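Remarks on the structure that follows.
Chain lettering (A, B, C and D) follows the sequence in which the chains are written, and residue indices restart at 1 in each chain.
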Amino acid sequence: MIDKFVRSMAEAMNGIKDGSTVLMAGFGEVGAPHALLDGLIEQGAGNLTIVVNSVGRVHKPGQPVQGVPRLIELGRVRKVITTFIRAGSIAGDAVRDGRMEAEAVPQGTLAERLRAAGAGVPAFFTPTGAGTLVAEGKEVRDYDGRACILERALHGDVALVEAWMADRWGNLTFRDSSRNFNPIMAMAGRLTIVQTHHVCDLGQLPANEIVTPGIFVDRVLHVAAGDPKLPA
Amino acid sequence: MIDKFVRSMAEAMNGIKDGSTVLMAGFGEVGAPHALLDGLIEQGAGNLTIVVNSVGRVHKPGQPVQGVPRLIELGRVRKVITTFIRAGSIAGDAVRDGRMEAEAVPQGTLAERLRAAGAGVPAFFTPTGAGTLVAEGKEVRDYDGRACILERALHGDVALVEAWMADRWGNLTFRDSSRNFNPIMAMAGRLTIVQTHHVCDLGQLPANEIVTPGIFVDRVLHVAAGDPKLPA
Amino acid sequence: MSDTVTPLGRNGMAARAAQDIPEGWYVNLGIGIPTLIADHVPPDREVVFHSENGILGVGPAPEPHKQNPWLVNASTQRISIRPGGSFVHHADSFAMVRGGHLDLCVLGGFQVAENGDLANWAQSATEVGKQIGGAMDLAVGARQVWVTMEHTTKQGQPRLLRRCSYPLTAPGCVTRVYTNLAVLEVTPRGFGVLDIIPGLAFDELQSRTEATLHRA
Amino acid sequence: MSDTVTPLGRNGMAARAAQDIPEGWYVNLGIGIPTLIADHVPPDREVVFHSENGILGVGPAPEPHKQNPWLVNASTQRISIRPGGSFVHHADSFAMVRGGHLDLCVLGGFQVAENGDLANWAQSATEVGKQIGGAMDLAVGARQVWVTMEHTTKQGQPRLLRRCSYPLTAPGCVTRVYTNLAVLEVTPRGFGVLDIIPGLAFDELQSRTEATLHRA
């Protein structure tokens, strides 16, 4: 019987190696697999490359440092690939002080690179970023009279994903705007680990409503995480 | 008020020009917008390039010739782009006799080229077809030790699509395996025309279950077409 | 500026831009002033708002007791979704943007040049802060790109320039600019002034602009 | 061939291949003999079958009164879908194939060469018929590519060759071949014989094969 559910966070995190590229889904707090990221912090892998939409928030004194900023603070992140990094944030300070690399990418290019990894497209041309700093070092070619740059697929050794419902085959649905990066990071991860709010029997999710088919999922952990919080 | 419903086939077909590239969805009989194709036959545009998964069926004497083979028989098709063409079929005979061009493409490359057109990717690399006749005349480049060929986006001037349900914004759902090429051809068409089995009020289709958002749709015609037939 | 002239506020700029959005358009609104535009489109004019994080059919901010923590816009503000709205994932969301399906995006700006170049994500190539988000995709992908911004910086430096000095978001993408003083379109011969706030003379507008203006 | 030797039939080949598919694999079955494989996987062994037209979790052919005209496989035969099955569009379906997510595809073949080259879509470069379908994508994308076919043509010509003479589906893709006489794996030194039908000697198998065989 196929059963992708794991019983513990340790089992979910098992085998993640130093030097891994980790895809971290979510947009702000919504759809972000915070429990899995806490698990990764606990698990101990370092020298990581983290792919995440934003490391933009500036930390407010007195508040606990969590999530990707916490991983950065612990010195476990070699590089972030992100669309939004702000000076004065924990990530920004790490970059300023030379403790971490940052690759800033357009959000649509980030999404397309992830989808390309999942879909077996090693590289593609796009007009986004042509004629800007993003184009530096990239091949440029005109299509339909428009400059385009060549972008590479972005694979994850690990993808951390948050679902609303999941079954034992790893089929997933997402609640409202929490879908965001989750389905494409699930596709792009060589080891895709899911935290799900709810567990379904096989067959309970209608075939027409499954958003991420189980073929893209390796491990599922049941975490009743509650509603996303408002940004602090 | 946004209302993409048209009241007649003539209105649905209005403005389709000679020389157009027409995307025809469906896989076998399932999800194929037969009524719209009949409308196109009636409308009269010629010198067409038809993009369709298969023109493989060999016509049985005594049976009416319909669909793309009928359009070919009428001399209205300059070229087909397809994954499956068979010697002895109406399409095959037209190619043999030099009355029509055929471009044979791998099915996944066809799907990806359509999706690329819809997603603003002008060209992409793929290992599919490398080292085969499909690679002829195409740029080859190695990625991860594997030969890949450069494929171009495939836009339609017109896309013909079949939906199960539609609302006045052009939001669509599909029944079971009739989804196939419909969503990606809707994205790739500059003028996307839909025949739908059922009409919904706006808001009746749950936001999480809409497969093709209305932004990809221009015109919708209500056609209660009945179940797909078994192949003759 | 003459004492009698009142530059538009943030909502004034948003309202002025909203006025020009026709029914039926698919529109993405950037962070800041652009986000305010939705509230100024009359409810009986159907405009479909897109949000990068996978929403088509964004509705107004809900009342506090109706907030849905699972539903935020690209500024991570809690919003609502209209009947007919839909959710997609990030790649499909940007397929709408990059595939040329949006009629319009409205972005904030640091600088706009008379050739349509936009700079809105960083003030120098070397600074740590790189706030690209979806702006590069939107600037390249939408059929029309409008920018809303103050006509000058707080220090009175012009933002409508011959050439941008900040790193570009995209070259030659801007079609129209809505400032607190004027509405300008980008034409092959530079900025054309479409509208100007009451009481402000063309020459006064020019004096606050580096690029040469012409009457549209 | 000795009189006592009975080559496998179509279902025999399908059953032999089915025997080697482990639980939990994601598998695409091509048109023809491969399609028969699903019926030979024991019901208690969960294998998830993929169909190019956007189905994951293909189930057996339904009884006549339960047929669903909206549900066909890649051979356009009416099928069923298992609990846990899902529908996607064609690009997402081939993302599963091309993105390397399938553990296995089983294809029909005209010819297989000892270097793993497969020819299964046309007999010459110039003929009108070009029946590519999804085979090129599957041959390149799946982690394992198995081919089921008769060991020789009806005229007795070998199909297991040093080099294919027909146009290729993909170079170097085949990992294993199931024929009516044997099971062979493709190795760096050519075809290794894994299994041979009872009563057929290695040399007899070699005599029906152009490529040099070795014992695996």
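Remarks
Assume a residue touches a chain if its C-beta (ideal position, glycine included) is under 8 Å from a C-beta of that chain, and two chains touch if they have at least 3 such contacts.
What you see is a predicted model; the values in this text were computed from it and never measured.
Rounded to a whole number, the gap between the C-alpha centres of chain A and chain D is 36 angstrom.
Centre-to-centre separation between chain A and chain C, using Cα means, comes to 28 Å. Chain geometry summary: the mean Cα position of chain A and that of chain B are 34 Å apart. Residues of chain A found to touch two or more other chains are 112, 115, 119-121, 126-127, 174-176, 207-208, 211.
Counting only residues that touch two or more partner chains, chain C has 81, 87-88, 91, 94, 97-98, 141. Chain-to-chain contact here is organised irregularly, matching neither a line nor a ring nor a star, and falling short of all pairs touching. Contact between chains, as defined at the top, is found for A-B, A-C, A-D, B-C, B-D.
Touching chain A in their complex are the following residues of chain B: 112, 116, 119-128, 143-144, 146, 148, 173-176, 207-209. The touching residues of chain C, counted against chain A in their complex, run 51-55, 68-72, 76, 78, 81, 87-91, 93-94, 97-98, 122, 125, 127-137, 140-141, 167-171. Of all the residues in chain D, the ones that touch chain A in their complex are 23-24, 26, 46, 48, 50, 56-57, 81, 83-88, 91, 94-102, 141.
Listed in rising order, the residues of chain B touching chain C in the complex are 1-2, 115, 117-121, 167-169, 171, 187, 202-203, 205, 207-208, 210, 213-216. Those residues of chain B lying in contact with chain D across their complex are 27-30, 54, 56, 83-88, 92, 95-96, 102, 104-112, 114-115, 126-134, 174-184, 211, 227-231.
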